[in-house]
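Consider the two complexes below, in which chain A is the common component and chain B and chain C are the respective partners.
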Partner chain A sequence: MESLNQKFTFTSKTRNLFIGISVVGLVLILAGLVVHKDQYARFWANFLLSNFYFFAFSIVAVSFLAIQYLAHAGWSAGIKRIPEAMSTYLPIPFIGFLIIIGASFMHGHGMTALYEWTHESIVKADPVLTGKSPYLNSTFWIIRVFVYFAIWILCARAYRAYSRKEDEVGGMEYYHKQVKLSAGFLPAFGVTFCLAAFDWFMSIQPHWYSTIFAVNVWASAFVGFMTVTNITIILLKKNNYMQWVSENHMHDLGKFMFAFSVFWTYTWLSQFLLIWYANLPEETPYYLARMWGNWKYLFFLNLFLNFACPFLMFMMRDAKRTPNWILFVGAVLLMAKYLDWYIIVMPFTAGHTSGFGLYEIGFYMFFGGMFCYSLAYSLSKANLVPTKHPYLIESLHHEV
Partner chain B sequence: MSIESPIREPLIFGDVNLHTITEDVCGPTEHKPTKAWWFGFTIACCGFAFGIFCFTWEVMFGIGTWGLNKTIGWGFDITNFVWWIGIGHAGTLISAILLLFRQEWRNSINRSAEAMTIFAVMCAGMFPIFHMGRVWNAHMFLPLPNDFGPLWPNFNSPLLWDVFAISTYFTVSLVFWYTGLLPDLASIRDRATTKMRWSIYNFLSFGWTGSVRHWNRFELVSLILAGISTPLVLSVHTIVSFDFATSVIPGWHTTIFPPYFVAGAIFSGFAMVHTLLVVARVTMKLENYITIGHLEAMAKIITLTGSMVGIAYGTEFFMAWYSGYKYEQFAFINRAFGPYWWAYWSMITCNVITPQLFWFRKIRRSPVAIFILSIFVNIGMWFERFVIIVISLHRDFLPSSWAMYVPTWVEAGMFIGTIGFFFWWFFLFAKFFPVIAMAEVKMIWKKTTTGKPAGAFLPLQDYDPDKAYQLADMNNPNYLDSAGGHDHGHSEHHHTEEPITH
Partner chain C sequence: MLKIKRTNCIVAVFNDDHVLLGALRTAVAKGYNIIDVFTPFPVHGIEKTLGIKRSNLGIAAFVFGCIGLCFGLSLTYYTMTYDWRINIGGKPNWPLLSFVPVLFECTILITALGMVTTFYTICKLAPGVIPVIYDKRATDDRFVVLLEDDARGAEIRMIMKENGAEEIRDDVHVTDNFPGPSPLKLR
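Our next item is the complex of A and B:
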């Protein structure tokens, strides 16, 4: 067996590629300022969407680590450096939110462009929004952003620090520490992620509410995270890294992609069917805005890409064990996740100005480039496999 | 062959070999039942008999013998129905979903959990059927062709979806359970000492011969059934939740109901498995197979699903306030501080607060504590359904329709009757059928006991991964290179293997 002491070399070519993606994204955004003139809401909606998109994958990466430790999972020990590396991206979305908050001082920008409830005059005239104002007000919302990110970033850093320390000293000490950390983090993650989904996405339509909303967002994020992990492994393997990772690991990640795509559909249907069936005026506006007019094409395309595609393309065993096919399905799923959240964010922010143009592509590339850079950079900073992980042996000999 | 880390807790303890597995599992079916068995069985029979009396009473005198009224049309009946259906979820979760997750600890507990599922679903089914009043018209549930115009069932109603979901679930669970039993029943047959016993078990095992072709089809059918069961187990409680959530009743109509009901069902199902197995493993001397590790794993699932249920309670409460919908807000304040406040706080205490004790390893690994906590969960989950059903109904939109609900002795008796019925089946099962899936446990026996430093896990209660780490010399830098040999095992530790006859 090849040596397990292996580090990823972040070559200047790759580095320039990722920086280039971000720079091109930035140029497109700047061009958008000219082309999509005065469409501030669309600008900020795209900022939020793409910022959240890559954020969601990196926070779910931390929760994945927590689940692995609590479940005594062995198969994933050999690939856990990838979610670890992904989690180092978290400070950037935090800065993204700081920018959204900072921009709010200009009227019509930042939060004020995204959230109706930030406008005092509207809230005062509306008894429902007044009733929600103890929760939905700018100050508390900003405090919550800080609290969420404080918990997430601290825990993510702790995982990585413990895991790297374990590489040096071995023993069970740091394993136990991570189990304890997981027991603390996972419940905290459950609460903070739910509230974050309510704060950032659901409150875009402040009159509307759905208790399952956060679960649905989480399901999407989980599929996205699994997809990114699987793609990263395949790309690393194609570049002669991590040869001990086999199609068995990809198969397991693929099963997660498949299963949680179905789970996403389940939560999607729970929300849609119950609201459609009960037909209450408090709840239906969400779907009224999305199932009619031009939105209806995207609405059904969303179901097709997020459910039908992975369901049919990933059903067979061999499909989950063929790297190039995984790359293809992964690309479809990454697109699908973008569309899923696009439909949540756009109708009540960008509204009639929404489309697929410079802003959409620009912001996606801008944040995507930074995400890839941070992932590759962090992979290069630690050994690609946690050599002293007590369950590593199971992962190295993993067979499905 | 896959390799297990030395620190992974073995799933089979003690001085066990393939022969002793057969002895330990088949033994109870071959000896005369113990006094404890007769004692339990008699009590179950009494409860069952009283249940028959109460069900008969209800059929003779009608639904008026219950405490329901115009406002509260669902009371004990549907509460018990949902409670039993929930309990029936652990079996299929263990057999199907844990199979997909390759959790091998399921092998010792799947048989009894699946049996429990089947009995619980039978209990559940009684309530909606008898709630019809005219049980002799029960076939009108079904889309049978008839001479009186269109079909009877209302296909728009989730109550009808329930009929299909539950009957499908019952059928698949039964087939899955029975398929798994075939090789084990054949083992019992092969050990039979009388012609009569041989014939009965031969019939029950469908003449299983253990040929390669039998095993091949057995494995294939099991895998297909696992694939079918996984969406089924999620769909059953999803549809039960639709019974409530498709309505417009405050407290019932909320979109988180489907996954929240499923989590709650798994929660209560595992609690019932705990309740049964903590006792059964001692009385039937199965501690080597249903180990502390098994109980701990189930306790972890209870903590997980209990926390999910807790977060769902929180979400519901928060969203009721956030919605700004005053009926919804009233429904939730009334839950906590209305006339049925005691039911709500019993639910919160038993479902959210006490299971948190499972965060402590000592408690997770103490059978006595587990037993007590599992009873708490059983009670809490019953109250959850009572809270959802009765509390949401008893304050109608018009204050003139407000009412209270008190169950009558008939309803209470029917509930007791189903508990008796459930245990009646379970005692019979434990006496005549192999309570552990022998064939499956034998498959993991070698893997789970090989390569583990013996000193790390004896005596039973005190498995210590740190000690295992030391004994296996995992700190040695060459450990990973040398450890590959573990999968061939240290054959000197093995006992003489009996020829596999199953």
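Our next item is the complex of A and C:
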């Protein structure tokens, strides 16, 4: 085994690739402004969707670190620099939300394009929205965005700072500090992530509510995060980094991808079945819009890609231990997660203008390029493995 | 035709899993015939050392799951759609989505029952079977290795002793070709 003091070299070739992806994305968005003329709602819906997509992976990365510390997990010590590096992306989605908030000053842009409840005249005429207005109003929404990101970014930075400090001094001091931090962060994350999912996604249809909605979004994000982590590890290994990570680690990450795909289906069905069966007028509009008309193909494709595909393709033990197969299933899952949230966001924002065109591809590439860049940049800034983590030896000998 | 095979064997008792693994490696390297190993808890790396292949129980589970799913589908279809239609809340005649919990439970039930049966059959276990225990301490804190007492018997005893066996005894290992629980072992 080679030395553990290994750093990722962020070559100018990779750097240019990631910047290139973002720039091409930006060009596509600008071209979209001409092609998809006057479809502002679609523009902002895509902004929100792609911004949230990569944000969700990076925030779940922080919660994954918290879970590992609270559970005193040993197996993940060798790979924990990847979630850590992912968490450094968090300021960029914050800027994304600042742009959404800033654009709201122009009528028909930003929040006003996305959320019905930002229009005072609609809220006044609607007793339900009036009743919800103490929570669902622009000022409080903006305050909440700041509070969420303050908690998330501070904790993410603390994890990374403690972990890098541990590399220098060693010992148990910083491990215990991270355990304490996790005990505080995890409940805070549970509340803030739920509220964020309610604020950003569920309030697109302000009359509709589902208490399990946030859990469903979280399950998606968790699968996506695990997929990104697994793919990153495989790509790093293919480029001769992290040779100490074996197929046992990939197997465990694969188990997470598999298990949480099933968990996603469970929460999806919990939400769907009760609403479909009870058939109550205030709950059904969400599914009414998605199960009939043109949306129904995507609706059932979503179930197929998010449940049937990973369930059948990833069930065998060997499937989770074959890197190229993991890359393939990972690609399917990343598409599936995009589709899952696409179906949540689009019908009531972009509506009949929604489709799959320059905006969709452009925004995905724009944010995706930045996500990859910040991930690779942060990986290059610290050792690929926390060299003085107390459980490192256990992780290096991990076997399943 | 029931065929019974009796093999003279050597029972080597160890009191540490690392010592056991070392002794097993030596035994495998020397080509001794290891019949079985009994440990009070799963020992890491023992399958690799003994060259035991992964069992196909997973595939059996998948097959049982498919059977269970088909059973659930036919049960719900027969009772709720074919035999006696009831209009419940204006739902379709075959409301597949509301049967998901039933289908899930049927899949789990048949898989669980099938796996228990398969496992008992493979391990030749059944209620009333008298278990063959070579050393009772294997259920507590000792690791017991069963080696075939062939022409190299004396050498095996010596090598096992050298590799840390705290006790060596002779015993007889009985096998039969009967699928499932052995009739001889039933009370």
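In the analysis below, the second predicted complex is superposed on the first by the 400 of 400 C-alpha atoms of A that agree within 3 Å, B and C clash if a C-alpha of one lies under 4 Å from a C-alpha of the other, contacts with A are read in each partner's own complex, and residues count from 1 in each chain.
Keep in mind that, in the parts below, a residue touches a chain if its C-beta (ideal position, glycine included) is under 8 Å from a C-beta of that chain, and two chains touch if they have at least 3 such contacts.
Since the structure is predicted, the reported quantities are computational estimates derived from the model, not experimental observations.
Engineer: Looking at the overlay on chain A, is there a clash between chain B and chain C, or do the two fit?
Structural biologist: clash
Engineer: Once chain A of both complexes is superposed, is A:E120 in touch with chain B (first), chain C (second), both, or neither?
Structural biologist: A:E120 contacts neither chain B nor chain C.
Engineer: Could you tell me if A:H72 is touching chain B, chain C, both of them or neither one (first, second, both, neither)?
Structural biologist: first
Engineer: First (chain B), second (chain C), both or neither: which does A:Y277 touch?
Structural biologist: both
Engineer: Output check: A:D38 vs chain B and chain C. Expected answer is one of first, second, both, neither. What do you get?
Structural biologist: A:D38: touches no partner chain.
Engineer: Which partner reaches more residues of chain A, chain B or chain C?
Structural biologist: B
Engineer: After superposition on the shared chain, which partner residues are touched by A:M316: those of chain B (first), chain C (second), both, or neither?
Structural biologist: In the superposition, A:M316 contacts chain C only.
Engineer: Both chain B and chain C touch chain A; at which residues?
Structural biologist: 273, 277, 399
Engineer: Name, in rising order, each residue of chain C that touches chain A in their complex.
Structural biologist: So the residues of chain C touching chain A come out as 44-45, 54, 58, 62, 89-91, 97-98, 100.
Engineer: Where on chain A does chain C make contact in their complex?
Structural biologist: 269, 272-273, 276-277, 279, 315-317, 399
Engineer: Under the stated contact criterion, what part of chain A meets chain B in this complex?
Structural biologist: Checking each residue of chain A against chain B gives 1, 4, 70, 72, 74, 127-128, 131-132, 135, 170-172, 183, 187, 190-191, 194, 198, 207, 209-215, 255, 259, 262, 266-267, 270-271, 273-275, 277-278, 280, 282, 387, 390-394, 396-399.
Engineer: Flag every residue of chain B that touches chain A in the complex, lowest number first.
Structural biologist: The touching residues are 1-5, 7-8, 100, 231, 234, 238, 242, 245-248, 253-259, 300, 307-308, 311-312, 314-316, 319, 322-325, 359, 465-466, 469, 474-475, 480-481, 483-484, 487.
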